[in-house]
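Two complexes come next, and they have one chain in common, chain A, joined by chain B in the first and chain C in the second.
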Partner chain A sequence: MSDQKIVTPDTAVIQQNGGFEDVLREAQQSGEFQPLLDNIPYANLIGLKFQRLGNDVLFHLPKNDDNIGNPILPAIHGGVIGGFMELSASLHLMMNMDCATLPKMIDFSLDYLRAGRHQDTYAECQVWRQGTRVANVAINAWQTERSSPIATARAHFLLTK
Partner chain B sequence: MSDQKIVTPDTAVIQQNGGFEDVLREAQQSGEFQPLLDNIPYANLIGLKFQRLGNDVLFHLPKNDDNIGNPILPAIHGGVIGGFMELSASLHLMMNMDCATLPKMIDFSLDYLRAGRHQDTYAECQVWRQGTRVANVAINAWQTERSSPIATARAHFLLTK
Partner chain C sequence: MTTLSIETRAKRFLATLRHCQVLGLTVDCASEDSVTMRLPYNQKIVGNPVLGTVHGGSLTTLMDTACGTAVFSILPDFELCPTLDLRMDYMKAATPGLDLIAVAKATRIASSVVFTECEVFQEEDGKQGDLIAKCAATFMRIGANMTPPEFRAKIEFGEDA
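Right after this comes the complex of A and B.
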């Protein structure tokens, strides 16, 4: 077919978009999400780990010198705290959805409450609302005590087929 | 003095907090901000670069396999776009402030407008307001054209002595 000429490598890759959703479907069926995480380079870059506790999921960002923003304090950079919380929200939603579509983040609002020290950071998410088209997720991050969060955020996701 | 016993290595480091501000003051005086950037491990982790264009600053996140969130599309992870924009906002403010205090981010709100493809990403910031205590910075990120941003965000910073 002559119109195949206009398929660039990029658009060819996009047409295989089902691939990630296959990985997601498999993870949702088996309950084993580590392979999904292994498929996300940014998760490996910052060193994200998780632990399932029933329906809850505890996300964990281990202390990592590469995530430092202020080397003198030393403090974790706000950008990595935000990135960790965004990634946690996406993963939490994928782990708790009953469909295997890739959620697309619409917006993200983050309030910093305390300095993020150079130590392990944890995050937990709650799906406040999951409609057929939009989901609303809240995220809290803490270091020493869950009751003293270092940041709180919320995100909206578009759920498309 | 006996009360020195309770100084942990962490608190000892915090007492040297002036160090980063010294680096910042030097950068502001010389107009040479690369040494400041070299002091921020998270900037090196994601590969942030910048270019000064008069008072404007163009921030640049080169295409990097480690920043991928969806390997099938492939698309940059929202978390790294957010982190890049947060870091750009902090740096832009530090480059344009007339004092050498380290701005502390209070909050960050991000709207995703288009998918971030696996290619170079750029960001520009504007300081909407800089009071004595709070600064308000807007950030736009784009890939192909400045007029088609992939994300737009704003941040508040606390300016303390």
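Right after this comes the complex of A and C.
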């Protein structure tokens, strides 16, 4: 499937620019996603890391002064927690399915449950439904204990195979 | 009660948020009706390296901050209100190279909750261009007595504090 060429505006641009499509296909074939992550500037900005444990993926946002919102509390900016969870969800989809481009986010709904303290944060994702065009992904983020999440979210992605 | 203008409160509030300084967010204007906030285009917030489009996570930070700033600057007594939830719709990928402008307003201020809405447009030739994203966010009012005195001083006296 991954070598199937479907001409969409997105893939046309990728072919012009070269590179990233190959990086994604290579990652999907080898299971080695670090080069792909290195190609996403926003992931480097917030410092996202991940660990694959069989079919499970644990996403990790190490403590980073630049991710702080209010420095007096101090707490991670809520937008960074959201961005970390959005990026985790799209990476999780790319790791677990066959897609030729980055999945496009349609919408994102985020509930904050506890303050995100200035410390390491983790996230894991669950694909509840993957149709032909849309995927529904749930994301939970926690710090000290998985059973005490700091935020829970749901994302819809538009898939282009 | 403060005598500071809503715009001064909005600018000083934003100045305290470290991650927003990293992204280069600025308050264009603020009044009782709305807060207008700018996210300058920058390579480091790119999410799709092929297309050069900004990552949704930086939009999440923009919208969370714009709504949170609207709430903080309109409430009379420097109340810090944590975000309860955010719901975002991504209508269209932003054109690479263009600044994004968020317009946020509080639609209802209740005794324990504040409801807000925000729209993000791209700026084309100095004018409001296409609608890129929308957001509805809800904030908790935990009381003005929960605002740390050092934080209050930073808002009251700005950088001189």
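In this section, the second predicted complex is superposed on the first by the 140 of 161 C-alpha atoms of A that agree within 3 Å, B and C clash if a C-alpha of one lies under 4 Å from a C-alpha of the other, contacts with A are read in each partner's own complex, and residues count from 1 in each chain.
Rule of thumb we're sticking to: contacts are C-beta pairs under 8 Å (C-beta built on N, C-alpha and C of every residue); 3 or more make two chains touch, one makes a residue touch a chain.
Note that the structure is a prediction, hence the values are computed from the model and not measured.
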| item | value |
| --- | --- |
| Touched partner set for A:69, first chain B, second chain C, both or neither | both |
| Contacts of A:106 with chain B and chain C, given as first, second, both or neither | both |
| Chain B versus chain C as contact partner of A:59, first or second or both or neither | neither |
| Intersection of chain A interface sets (partners chain B, chain C) | 10, 13-14, 17, 19-20, 39-42, 44-46, 65-73, 77-80, 82-84, 86-87, 102, 104-112, 115 |
| Partner chain A, residues of chain B touching it in the complex | 10, 13-14, 16-20, 39-46, 65-74, 76-80, 82-87, 90, 102, 104-112, 115, 117 |
| Complex interface listing, chain C residues touching chain A | 16-20, 22, 43-51, 54-58, 60-65, 68, 80, 82-90, 93, 148, 150-151, 154 |
| Sites on chain A touched by chain C in the complex | 10, 13-14, 17, 19-21, 39-42, 44-46, 65-73, 77-80, 82-84, 86-87, 101-102, 104-112, 115 |
